[in-house]
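Think of it as A, B and C in the order they're written, each chain with its own count starting at 1.
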Amino acid sequence: MSEFNPNPSGLHQILSRQVDRRTAVATAAGALVAGLGLLQTACNPLAAAESKEKSQLNWEAFFQGNYRLMTDKEKEDTVHRLERLHELNTGNKVRIGSTAAKEGVLYGYAFNISKCRGYMDCVKACIGENNQDRKSDMRYIRIHEHNKGQMSFEAADDSFYHEVPAAGHFYIGTQCFHCQNPPCTQVCPTQATWLEPDGLVVVDYNWCIGCRYCIAACPYDARRFNWGDPQVPEEEVNPNQHYLGNRLRRKGVVEKCTFCIQRTRDGKNPACVEACPTGSRTFGNLLDPDSDLRWILKNKKVFRLKEDLGTEPKFWYYMD
Amino acid sequence: MSATLNPITLSEEERLQHPLVQFFLDGLREVTTGSQKYHIWMASLTLLMCLGAYAYGVQLRAGLTVTGMHDHVSWGFYISNFTFLVGMAAAAVILVMPTYVLQDHDFKKAVLVGEALAVAALIMALSFVVADMGGPDRLWHVIPMIGVFNWPASMLTWDILVLNGYLVLNLLIPFYLLYSRYMGREPNKRIYVPAVLLSILWAVSVHLVTAFLYAGLPARPFWNSALLGPRFLATAFTAGPAMMILVLRQLRQHTDIDVAQATIDKLATVTTVGAQICLIMLASELFVEFYRDTHHGLGARYLFFGLVGHTRLVPWIWTSIAMSVTATAILSVHPLRHTDRWLKFACTLLFVGILIEKGLGTIIPGFIPEPWGRIDEYAPTWVELCVTLGIWAMGTFVFTILTKAAIPVELGVVKYRRR
Amino acid sequence: MRRACLLVLTTALSFSACRRADRTHASSPHVLETIAKAQEPNDNAGLSSEKHLDGAPRVTVTGYPDRPAFSVLQRTRVMQQFPCQKCHTKTLDVLRAQSQVAVAQGKKASHWSVKLAHAPAVTMDCWTCHDQRNLDSLRTLRDAPVSFDHAYQVCAQCHSRQAADWAGGAHGKRQGGWAPPRVVASCAGCHNPHKPKLEPRWPALAGRRDQRFESAEPLTESPGANR
């Protein structure tokens, strides 16, 4: 102040107080931040409430435990939380089931090599049903084009793309065989993957730490890893989901075929079985002596792959 | 009162803290002061660590898709480095055992360096595991009680136990010994000898357990061999002492530590015998995999000769073998082994050869071909290379800090000065 | 020493107290053993395919007493050209006479578009399966009438092996779901009786060329794909 005022007013006193540059800048910055924050909150109170709920749910989801150890109530809460999060993130509703395994049911699968013609309808149906990442073209099912006379998979080709069936070839499909003595569940350090009582080998995507030991242990190349953030176009998302099945995953977790747990625990066939136009694929309950599957095991010459490894897969192959 | 001769008068700043606190403060002082060369060294390491951190940040944001790994080669450069470094850590026992068990005083001066190397190698190994995780924010899932710890079924849980236990042992034992020295006391044999014996057993188990991680998987015939565990130990006890020889020579040149020539000679003998055993094991592997051409030998065929035109690893493995064989030959000749120049050359050659063999030549071929015979190759990306560089820099940084602080204490230069 | 023992004991105990989600499956890892033991009738946990069948009309299959009762989708409800009265108002005799006149004049015979490519001419012609007197019915080789809904009886005469597989569950397409009731597609549901061989086609997807995808290429179908 250029003038000297012997009786300054309160305001005058405040304004003429000496402040060094550092304090001034710090105070100005602080005020700016506070102001911006106020402005942002004031502009969209609804957004704040939503993002608050989202943060709350994400926080809870982070601390959830291993699904297998949860009580039924906890499982209910977990799936509701995930349903709500999906709604908050995309605006769309999904239904995430938590149907448990049923008594007296042990799932099995049979594949008729004579009938498979390499159409890959199963692969396409699987991708759509199970909300698999489109960006990395993730596929649970692989169809191998074998040369007639050679069972060896080394000589087979799974990257074919021509009219099928090609002369001199036959086709074998592989996916997770849901072993009854699975090497993958044995090696998981956190028991994020386990064998359900009805014979399905499942993964808790929220518990998996992404170490990929299970992928190293699987002799059938059944498991897949989300190397990046999985992307599924919103209009293609299958909203009928199961916690242990086709609900949307995040990056850094393992996933695989679940015999369409969201369908099969409700009596439906897996998507691959449903889609196959030649009827190569059969699914059913191994404990029901009247099932198609049991008839096949009894009357056809069936075999399993890499049986000598003792994994006890529940996926049989046969020919007409 | 006339006996109280303490020429050092303590000023305000130099007032002593509680002994334990002062120990760390003195250590901190040792670490932060040094020559120009030292500071440049530490600054360069810090720069590399920052580079690694940046690359890791990229990986955290985008996911492991920025690495060269994919569904068919699901473990790559990170786990290769992890495997090698666990071996390095286990090899510290080479110095520990003679010193405390055989009371071989030639090793006494060098043992702390060995422990420091072990700690650095362990920290690096554990860092590589974390870097490889798909969900590092979920690592708490593995903690017993809070999470689910799948022990004893999963070999990974065994590995977690032995590695962390070994780290704790290798921190506590030298700490106790140094602290005793710092306080001017004799360390109590009844405390450290059992601990040392435990750490010797633990060292063998550390690398054996890591080998069992891979060897227990019938899905990967390249690893599913009884020879894998012994091979891991043999390469560890070859590369480890080789590295230690190189490090001790450097320390002898640049610090006041007095490392007897006898120590270096004995280490060289261990390295030589180890290298010879490694060659025998290699011969055994080559015979079993190639005498008859089977499905079991496909991974080895890919590694040594390539498969269907895929030969990415072939030059690497043969270079590594050439290095190992040359180094073994040199070391096996007594006069050469005792010549400093030849020793340095052979140890470097051996270390690099084993690094390549254990790094690229063990993990990657285990995945190729994949279970249904397809050959999908692997090459690390810039992210993996930078993160690896950053972690190695961090390990070197840790090693430097530990030795920089430990050596003066060991030599008696830094002591707790009582008032 | 005592402290060390205590430490070891505590650690061991804490591991046993660890939360573990052990295997709870009742069956042994040896699947064939488990299956061999499961001979009792099973209600499949009360699950049913009924709701997944969307009320599809079906008829009970006859002639396979060894299999539990199962149904086949009713063909007559979905066949386009059935019954004859759907399109024709005249009787068969009149239509036949008209058709013969037309053929003599060089015009095409009725239902000319049906080309038979099923078996050699010495084995089969239209009247092997169709009843000349009543075109709303099929016939067996010994001239017994067979409803179109039970056409499988006709096919089973020559294709007994496939028919046995079909009745068992190794051939054909299950409808609804895996749980009872068992409803299957009829033979003609998948095979055109006049030209039963399945033609080659392009796959629904290209096989994966590479494990690593640098760019996100959209899944494309070839022009020849029929899906």
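Assume a residue touches a chain if its C-beta (ideal position, glycine included) is under 8 Å from a C-beta of that chain, and two chains touch if they have at least 3 such contacts.
These figures come from a predicted structure and were not determined experimentally.
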Sorting chain pairs by contact number gives first A-C
Most central chain by CA mean? A
With centres defined as the mean C-alpha position, give me the subunit B-subunit C separation in Å. 61
Return the distance between the CA-based centres of subunit A and subunit C, expressed in whole Å. 30
When the centre of a chain is set as the mean of its C-alpha atoms, what distance in Å lies between subunit A and subunit B? 37
Of all residues in subunit B, which are in touch with two or more distinct other chains? 70-72, 147-150
In subunit C, which residues are in touch with two or more of the other chains? 19-21
Counting only residues that touch at least two other chains, what does the list for subunit A look like? 66, 69, 136, 158, 191
Tell me, which parts of subunit A touch subunit C in their complex? 66, 68-69, 102-106, 108, 110, 112, 115, 117-121, 123-124, 134-137, 139, 143, 157-165, 180-181, 191, 194-197, 199, 263-264, 266-269, 273, 276-279, 282-297, 299-300, 312, 314, 318, 320
What does subunit C use to touch subunit A in their complex? 19-21, 23-31, 34-35, 38-49, 51-52, 67-68, 161-162, 165, 168-174, 176-180, 182, 185, 190, 198, 200-209, 213, 216-217, 219, 222, 224, 227
Inside the complex, what are the residues of subunit A that reach subunit B? 62, 66, 69, 136, 142, 144, 152-156, 158, 174, 183, 186-192, 207-213, 215-221, 223-229, 251-254, 309-310
Show which residues of subunit B lie in contact with subunit A when the two form their complex. 62-65, 67, 69-72, 74-75, 132-139, 141-142, 147-150, 153-157, 160, 213-214, 216-220, 295, 298, 366-367, 369-374
